[in-house]
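Shared between the two complexes below is subunit A, which pairs with subunit B and subunit C, respectively.
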Partner chain A sequence: MKTNKINVWVTRLMLGALVFSFTGCAFLMAANDALKEGKLVDNLEPSEEYYLGRGVSAVIIQNYEPIKIDTPKQETQIKYLNDMAGYIEKAAQGVTRSARKLGDHTDRSYDQQEHVYNLALHKGIQVGILNTEEVAAHGTPGGFLWLSYGAIHMCKNEDELAALVAHEMSHIILDHGMANYRSAHKSQIASSFASDHMFPGDSKFSNFGRLCVTGFESMRNGYNPGQEFEADNWGTRALAVSGYKPEAMVEVLTRVEEFEKAHEVKPEDYLAHHPPIHKRIDTVKELIKTEKLTVNPKSQTAEAIKARSDRFAAAFK
Partner chain B sequence: MIRLPSFAAMLLACLLCGCGTTPRRPDRPNVVQGTGEFQYRKYWREGESVYVRITSEAPAALILAAPDPWAEPVAVLELGQELRVLDPSSGTYVRVRTVGMGFDAEGWVWRPAVGKKKPADNADTREEWQREGATSAARDTGQPTVNPSELEAALQRLGNFEQSRADVSGGAAELVRRFRRFGEVGGLSDD
Partner chain C sequence: MDRWKKFPWRRLLALVLAMAALIFASTYSKGEDMYVKVASSNPDAVVLSSTDFFESEPLGNLKQNQSVEMLDKTDGEYVKISATVDGKKVEGWVKKVILQKKPLENSPRVSESGAVDNASFAAPGFDKEIENGMRKESPEMDKALTQLQDFEKKRARLMGLKESDDPDFEQDPTPMLNSYRDFANSGGLKN
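After this line comes the complex of A and B, so read on.
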């Protein structure tokens, strides 16, 4: 086993020496610089992710105005949502963050997985409300969770709202936004490096090469549907350990399905970028069955249901 | 023309870099083989110093009386606060003692809230990260550029929101008590 590893490295070194003799030092130095720049975004500190998330949130609130916390009603709404998110996050501390255990929908390297296990939020989760009846929900790096009035009003009770919160929270906890950012950042570096060093000049071959590189870059930049399945998976587990019924995730996804049927979803809409909803519903149902996720019976007593119903109504009815 | 030696060098760089596209190693080396028992890796040694990675506004920036998310808070921690590891072998929580806080507090801290590296003061790079985040989000939503003055105004509004939210929320210790109450009132938690 050890000899094999040594052989692999000896081969790599010999290959390196051979390539070096062909290409020269300057090219490898440029390649090294590009790799270093790419690796800079691999292990950001919680504060760096927070400021990056602030930039993302700034773009979100350019499109949708967040509510100000000026009136007692708005204060109740913000406190209610933030307490719910804080409660679920604490209760779900033990829920797995392993990509494999969450259904293998995303591909995280060993180091990226370690980063997810150790992910801490600079200021915790901060929930804000977007003042629009459009259906929109975003979990950004650094702990910002934005829900529109449209998305909140789509939920019929606290359990469904908790499912929506748990789903968006999982995008934060599982580092999805940062994974997309890292991927886009690295492909941009690789693309500009390849354009400069592999396809220089103005010949037809170079132009064609640059075109291929740009095409590859735009493919890498795309949105990752696997993250939605992973977020459904973590969110459903989080609901169960928080005492909510895990079926609430199916119910909220069904609401989204009804909304999609009733409204024409345009390509620029938030929901247009999600995978087919019926597939997500089936996957969640299967997860509840195979993992035997159950509700805390204490939360199903008439008294408990009334308490949740009253505070949900006090905030949003 | 395509430079073939350069292409070979790219290939080599790809082999050596160890980025996300390389085959994944086993998921969790600290799962005891054969038994399936789950055990966190021992990140630190007893007596070693670790530093708080998050601000005192985060509900996790606390020393708790027991290794349990709902345990009573013993002390609120500040970003960069030094702590001495007393018991690294536990799972999600690490037993620590404060260093240089003016008083001695001992208890359990959530493992991801602390790290071996002291957080650097990134005051000079904050704006850069914010701009980077905004540019990336704008690109994802199909906007070609970010208008700096509009971004500045949006960040200002965001700052106002954060401040108002912090004013109605209270500190880390108060937050944990409120979250616990939320679970109890809704009949969600067992306690």
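After this line comes the complex of A and C, so read on.
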């Protein structure tokens, strides 16, 4: 190769390296402008997701009354659910978060997938109960999970409740809520009738308030079918590694099917957003077979089943 | 010889240095410092003696944004680290996912490949100050956040932790970790 040719190539490579190393700075400048305009930025730190989750939770509890946790029964319920969710979250840390391995039901960009791989909950998972027989379940960024009595009472035993918890937890861990919000609003903080009414100003505090309100509204609109299949997939794997039987996901989905048949599910209901149940049941059965997900035999002894059945009854019967 | 002299040695050297810096930034290496990105009250912020959830002993509680030294061992989702806890040096296991390369706070985010994420922005700073400012703008949100803090306090007490009105209150979550373990053991879930 001629020296001047080498020269040209080295220069080209240098320029390439320069462009590469300055990408971050360019985006940083864009971000500072975006913040002034009240845009929603990506890749929140765990503590920021936690504070956003507190704000969204504050909107949830304005819409559904949470239990006050002031009776021994309610204390038992909260302790039981938080032990269950905390244990499953801890046990399921090694469960894949790859969109491809979770059945290829969703599209995640490289950056979103990286964010999901690295997602950690600031203070772990915290479960609260909404005092309504309406079937409702909401997971917020930062690890708050709100289950209604209606959703809990649909479950006939601990394993089914664990399946419900694992499914809802996966929406948090796989960042489904924020992903929908970003794509629906092009990473800008949206505004709505309710959010503008509560926060008419344009300070950063108002922007944050509008984000909490519209974040709740976006969550209430539900997840897309691909996200539901992905949540079933992650949740079923989480059950297996936690010692529960993975078939409990099939059982809880059957409860949902029974509930849908017994009640007229309205389009605005939480259950109406989920894809056809029979399709989800078949997909979960197929997953258990192909991935050879098995139950921990120790959890199937008469003694273990009785222990779980007794504590489930003590909390929710 | 003329050709030798004309060769762009300086540019090549700069290129090699730039590539070396990128490669260095993209790999975990022994002795590298990482930072804790979760709250101290997260059960994952407890350094454990082993990667067996049921058998491990707690060795110390890490603080948010504390630097820890990566040791040369991984096991599944766990990494072995060395850290100073309450003035004592401890070596043990934590989950990889609670660590990041850069300290927190408004820094551009760097992915594991060393590239700056193309969605990498300065942190917007959602924190207690923003929450308190928002509370002043909406009495409904103020009331609901008081209820929420009450929920967090009661839950903390039930899980064996201290109650606090401060969402950033730091405390050792080991009792909560033990509670999870008891739940699994008593329900026959232990593998």
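Keep in mind that, in the parts below, the second predicted complex is superposed on the first by the 240 of 317 C-alpha atoms of A that agree within 3 Å, B and C clash if a C-alpha of one lies under 4 Å from a C-alpha of the other, contacts with A are read in each partner's own complex, and residues count from 1 in each chain.
Heads up, the rule we're going with is that contacts are C-beta pairs under 8 Å (C-beta built on N, C-alpha and C of every residue); 3 or more make two chains touch, one makes a residue touch a chain.
This is a predicted model, so every value here is computed, not measured.
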item	value
Contacts of A:56 with subunit B and subunit C, given as first, second, both or neither	first
Contacts of A:121 with subunit B and subunit C, given as first, second, both or neither	both
Partner chain in contact with A:113 - subunit B first, subunit C second, else both or neither	first
Subunit B versus subunit C as contact partner of A:299, first or second or both or neither	both
Partner chain in contact with A:181 - subunit B first, subunit C second, else both or neither	first
Common interface positions of subunit A, toward subunit B and toward subunit C	23, 27-28, 31, 35, 45-48, 51-52, 54-55, 57-59, 61-62, 66, 69, 75, 78-79, 82-84, 86-87, 90-91, 93-94, 111, 117-124, 126, 128, 158, 198-199, 201, 203, 205-206, 209, 242-244, 296, 298-299, 301, 303-305, 307-308, 311
Interfacial residue positions of subunit A with respect to subunit C in the complex	3-4, 6-7, 10-11, 13-14, 17, 20-21, 23-25, 27-28, 30-32, 34-35, 40-52, 54-55, 57-59, 61-62, 66, 69, 75, 78-79, 82-84, 86-87, 90-91, 93-94, 111, 114, 117-124, 126, 128, 158, 198-199, 201, 203-206, 208-209, 212, 242-244, 296, 298-301, 303-305, 307-308, 311
Complex contact set, residues of subunit A against subunit B	12, 15-16, 19, 22-23, 27-28, 31, 35, 38-39, 45-48, 51-63, 65-66, 68-69, 75, 78-79, 82-84, 86-87, 89-91, 93-94, 98-101, 107-113, 117-124, 126, 128, 140-141, 158, 180-186, 194, 197-201, 203, 205-206, 209, 221, 223, 242-244, 268, 296, 298-299, 301, 303-305, 307-308, 311
Of all residues in subunit B, those that touch subunit A in their complex	1-3, 5-10, 12-13, 15-22, 24-25, 27-28, 53-55, 57-60, 69-70, 79, 92, 110-113, 115, 119-120, 122, 125-126, 129-143, 146, 150-151, 154-155, 157-158, 160-162, 164-165, 167-169, 175-176, 178-183, 185-190
In the complex, subunit C residues that touch subunit A	3, 6-8, 11-12, 14-15, 18-19, 22, 37-39, 41-44, 53, 64, 76-77, 95, 97-98, 100, 104, 108-112, 115-128, 130-131, 133-134, 136-138, 140-141, 144-145, 147-148, 151-152, 154-155, 158-159, 167, 173, 176-177, 179-184, 186-191
